[in-house]
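Structures incoming, each one as C-alpha cells.
Same chain, two partners: chain A is paired with chain B first, then with chain C.
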Partner chain A sequence: MSIDNYEELQKFIDLNEHYRTYLDEHNNTRPDGRKFHENRSIQILKKFLQHSYGSSMIRFGNTTVICSITGQLAKPSLKSLRSGFIQTVVLLPRTQAWSTYGRRQQIINENLTLSQHLLDIIYKSKLINLEDLCIEEGKWVWCLQIDFQCLNNDGNLFDSCLLALNVALHHTYFPTVKIDPDTQKPLVYTKELKHFQYNQQQEPLCCTIAVYEYEQEYKYLIDPTLEEENIAKCILHYVLLKNDQICLIHKTSGAPFSIDKFHQCYSFAREYILELRRKLNQ
Partner chain B sequence: MTETISQTNENDTSIFSCLHCKLSPISKATGSATFTLNDSLCTCLINGPGELRQQQDAINRLQVDITFQARPGNNNTNSTSTKDKLIEQWLETLVRSTVLMEYYPRSQINIVMYEEQNLSGEATILACLCNTLCLTMLDANLPMKYAFAAVPIVQHPTKGLLSLPKTKDELASTSYFVFVFEITLNDILATHASGDFDMKILEQAISIAQPIARQIFQFYRQELEKRLT
Partner chain C sequence: MEQPDECFDPLQFAVDLNLSDIKNVNLDENVFISKGLINQANGSSSIESKSLITQANGSSFIELSATKVTCAIYGPRETSSTSDESYSKCLLETSIKFSPFARQHRIDPLSVQYDNDEDCEESELCSRLEEALLPCILLHKYPKSQIDIIIDVIEDDGQHLLSAIILSATVALIDACIELYDTVVAKSLKTNDSLFTLCYMPNLAQVSCIFFDGEATPNYLDELTDEAVKQCQLLHKAICKVVISDLKSAAALNRKIV
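Moving on, here comes the complex of A and B:
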C-alpha cells in the first residue's frame, strides 16, 4: 500500500480523521465520489466455469466474488430420508491478510460468519427445498456444494455473495442420475442436463448499510467499501425477498437505533434492492 | 395468521419467574455469571484486563477476545460450528461498543461463554447469551457506557407475537427476533431477526419488547443489590 501522497498518509494514520475532513470539505459525497445512497457499478458474468454445474461472477466496484455450484452424491441421513444437503463455503483471499487487516484470524472468522448467514438465508427463505435434492428416497441424494471465492475484498461481501448465488442458481444444470436396478449403483449421465428446480419466486437480496456518525447525526452509507466498513459505528444487513418481505435483519452493536431509524433504513434498502433486481433480470 | 399483540397474562412476577441468575459462580475469574432464561442456561466468565499477548492490534485500546462454546454433543464434531462463530462475532461487536476501551490501552480481556442447556431454538439462546454477558461485565466491574438486555420474540403461526416464549411455542414458530436494548434511552443496540415478516410486525415486536427490557433491567438491579448487601 503506497503512502506517497498526503492523502494516503492521512488514511494510514487515522482513517476516521480522513473521512471527517473529506466530509467537511465536500458535502454529501464519499471519497470515492458517490453520494451516500449510491451504489457502485455492478457487473455480472454468468456460466463461465466449465466444470461446475452453475457459476457466476459478480463485481461491485472493486469487490469481486465468484460463486460456483457443484454437487456430489451422498447417502441421506437417517433422520430425513428424502432431504439432501447444502453446504455454503466462503473463501476470502489470503493474499489480503497481512496488508489490510493485520490479523488472519479475523478474516477466517468473517468467512465463517458469512457462510452461516448465507446458509440461514437459504433455509429461512426456502430458496432451495431439501426435498428437491432427492434422487431416490433413502438411497441417494445430492449434496449441494456452494462455494464463494472472493477475489478482491473491497467491502460489501454479503450483497455480492447473495447476488452471485441468485445468478448462479438461475443457470444451474444438473446431470440426470438413474439408479441401475441390478447393482443399485447410481449412473450419472453427464450429457443429459436438466435445469435445477428451485424456488424462483423468492429472490433474497441483501442491502448492507454502514452507519457513520458525523456531526451528531447518523449518515447511512449504502454499499460500503472496506474502509467505510472499518470506520463505521455499526453495520446493518437487510435481506429482502421478492414481495418485499424481510428475511433477515442483522444489526451489529455500536449505534443505538430507534424504530423510525429502522424504517428509514428499510426504505433505503427497498430502493437499492429494486435496482439490484432490475439488474438481475436483464 | 393472527397478528395480535398477545398480552399473555403477564404481570411483573411472571417475567421474573423465567429469569434466574447467579453471580460469581466461578471464583477464580475476574467476573462470571450464570443466567437462565426459560429453558436456556448460559455461563460466562471474564478474565480481566491483562497483558496483551500478540504484538499487532490496537495499541491505544482494549483488545477483546471472545470464545463461545456450544453444548458439545449436538453436532458430531468438537470444533465450533459456523453458527457459533456468527454468535461470537455478534457478541464481540456488543462488547466493543459498551466497554470503554480507551481506559485500558495495551491490555486484553478474555471472555469465555458456555452454553450449558438449550432446549428451545435460536432466539432464546441468543438472548440468554447477551444477558449473561452483560451480567458478567457488571460482575467484573468493567467500565461500561450502559447496561444492555436482550429480549427474544417469536412469531407463532396461530398465537401471534410472543415474548420470552416457552419451548413448545418457540419450536413451532416461523420467525424470531432478538432485540438488545440499552438502559439509558431504551434504544435498540443490536438486532438479529430472521424469518418472513414485514416492517409492521417488526414495529409491533419492538413495542412489545421495550417494557420487557425495562423489567430485565430491574432484575439486574435486584440481583446486584442482593450481592452488595
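Moving on, here comes the complex of A and C:
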C-alpha cells in the first residue's frame, strides 16, 4: 500500500480522524464517493473453473471471492443413513498477514467464523437438503465440499461469499453415480452430468451494516470497505431469505442497540437484498 | 453438523474416463494479463482502484489458456533476517500455494504440510521462480530489505503453470515499481510427455534459465529453444501493451483528480 497523496497519508496516520474530517466537509457521502446506503458495483462471473462441479466469482468493488463446489464420496454415518455431508472452507488471502491494519490473530479467526456461519446458514435455511445428497441409503452419499477463496479482502466478505454460493449452486452439475449391485462399489459416469437439486426458493442473502458513531448518533454504512469495518463501532450481518424472513442476525459488540434500531436496520437490509436478488436473477 | 470419516475421490470410481484420449491441443491459447480485473463500468459514482490486491505494493492476474495465477508483491520492506547477505542486497522470499480447486483432485487446505517434505511441488516451484527472477531484479539497490512474492494458483491445466507463475511475478514486479534490468518472459512447450520451459529477457536478448522434464535429443532441444524464444517475444509485446495502457489510464485518473 503506497502513500502517494495527502489523503492516503492521513488514512495511514489516523483512519478515524480522516473519516471524521471527511464527514464534516461532505454530508452524507463516504470517502469513496458512495452515499451511506449505496453498495459498490457488483460483478458476477459464472462457470469460472474447469475442474469443479460448479463455480463462480464475485466482485464487490475490490473484494474478490471465488466459490468452488466439488463433491467426494463417503459412507454415511450410522445415525442418519440417508444424509450426506457438507463442508465449507473459507480461505482468506495469505497476503492479509502482512497488512498494516491486520492483527494476525484476528484474521485467522475471521475465516473460521465465516466458514461456520455459512455452514449454519445452509443447514438452517434448508438450502441444501442433506437427503438429496444420498446415493444409496446406508452405503454411499455425497460429501459436498464448498471452498471459498478470497483473492482480495476489501471488506464485506460475508455478502460476497453468500452471493457466490448462490450463483455457484445455480449452475452446479454433478456426475451420475450408480451402485454396482455385485461389488457394491460406486460407478461414476463423469460424462453424464445432471443439474444439482437444491432448494431454489430459499435464497439466503446477506446485508452487512457497519455502525459508525458520528456526533453522538449512529450512521449506518451499508456494504463497508475494509477501512470502514476497522473504524466501525460494531458490525451487523442480516441474512434474509426470499420471503424476507430473517435467517441469521449477527452483531458484534460495541454499540448499544435498542429494538427499534434493529427494525431500522432490517428495513435497510430488505431494500439492499432486494437489489441483490435483482442482480442475481439477471 | 457431522463430518465424514473418510472421503473418496469420485474419479477413482470413474467408469467413462478416457485416459488414452489425447486432448486436442488448443493452438490459439488465450492469454490474458492484467494488473487488476477489468472493471465494467455500470454507472456507479465510486472511484475504484483497478488493482487486484489492494494491500499489496504490486499485483497481477495472468490467464494462459486454462491456467489462472494471481501474484502479490510486498516490498521492499524491512527484513527480519540478520544474515550477512542481507546487508548488501535484497532478499527474495517466494511463496506459492495451490487453491483447493486448482486440479482434478481436491487439495485439502486444512491438511498440514511439513517443510521438509521432499516431494513438495510448491517448494520446487518456489525455487524455480527464484532462479528465474534473480538475474533480473536490481537487488543491490535495496540493501537490508526483502521482497515477498506471494502466488496463488487458482487453476492449473498441467502445461503452463511455471510460465504463468513467472509472467505473473514479472507483471506484479512492474506494478510494484521495483527496479528491473529487464522483464522475464517465460514460455512452456509440451511435446508428448516432456515439458520445456524457457525464461527469456527480450531486451537484453538473454535466456535467464531453462527447465526441462523429459527426453529429447540435443537437436530437438535447439528447435524447442528457438520456438520458445519466438513465442516469448510475442508475450513480451502483450506485457508491454498492458503496462503502457495501465500507465496511461493511471495518468488520466491523476489528471482528473488534480
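Heads up, the rule we're going with is that the second predicted complex is superposed on the first by the 278 of 282 C-alpha atoms of A that agree within 3 Å, B and C clash if a C-alpha of one lies under 4 Å from a C-alpha of the other, contacts with A are read in each partner's own complex, and residues count from 1 in each chain.
Definition applied: a residue touches a chain if its C-beta (ideal position, glycine included) is under 8 Å from a C-beta of that chain, and two chains touch if they have at least 3 such contacts.
This is a predicted model, so every value here is computed, not measured.
Using the contact criterion defined above for the overlaid structures, shared-chain residue A:Arg34 touches chain C, although it does not reach chain B.
When the two structures are aligned on the shared chain, A:Gln10 is found in touch with neither chain B nor chain C. When the two complexes are overlaid on their common chain A, residue A:Asn230 makes contact with neither chain B nor chain C.
Between chain B and chain C, it is C that contacts the larger number of residues in chain A. Once the two complexes are overlaid on the shared chain, A:Cys247 sits against chain B while remaining clear of chain C.
When the two complexes are overlaid on their common chain A, residue A:Asn199 makes contact with neither chain B nor chain C.
By the document's definition of touching, both partners, chain B and chain C, reach A:Leu119. After overlaying the two complexes on the shared chain, residue contacts for A:Phe262 are found with chain B alone; chain C is out of touch. Residues 119 of chain A lie at the contact with chain B in one complex and at the contact with chain C in the other. Chain contact summary for the complex, chain C toward chain A: residues 1-11, 13-17, 37, 39-40, 42, 44-49, 51-57, 66, 70, 72, 74, 95, 97, 99-104, 106, 109-110, 148, 150, 152, 154-155, 157, 257. Touching chain C in their complex are the following residues of chain A: 1-2, 5, 32-34, 38, 40-41, 43, 49-52, 55, 59, 61-62, 64, 66, 68, 70-77, 79, 85-87, 89, 91, 93-96, 98-100, 119, 123, 143, 145, 147, 149, 151-152, 154, 175, 177, 185-191. Looking at the complex, you find that chain A touches chain B at residues 102-103, 109-110, 112-113, 115-117, 119-120, 124-125, 233-234, 241, 244-254, 256-259, 262-263, 266.
Partner chain A is touched in their complex by these residues of chain B: 54, 56-57, 82-83, 85-86, 88-90, 93-94, 96-98, 148, 175, 180, 182, 185, 187-199, 202-203, 206-207.
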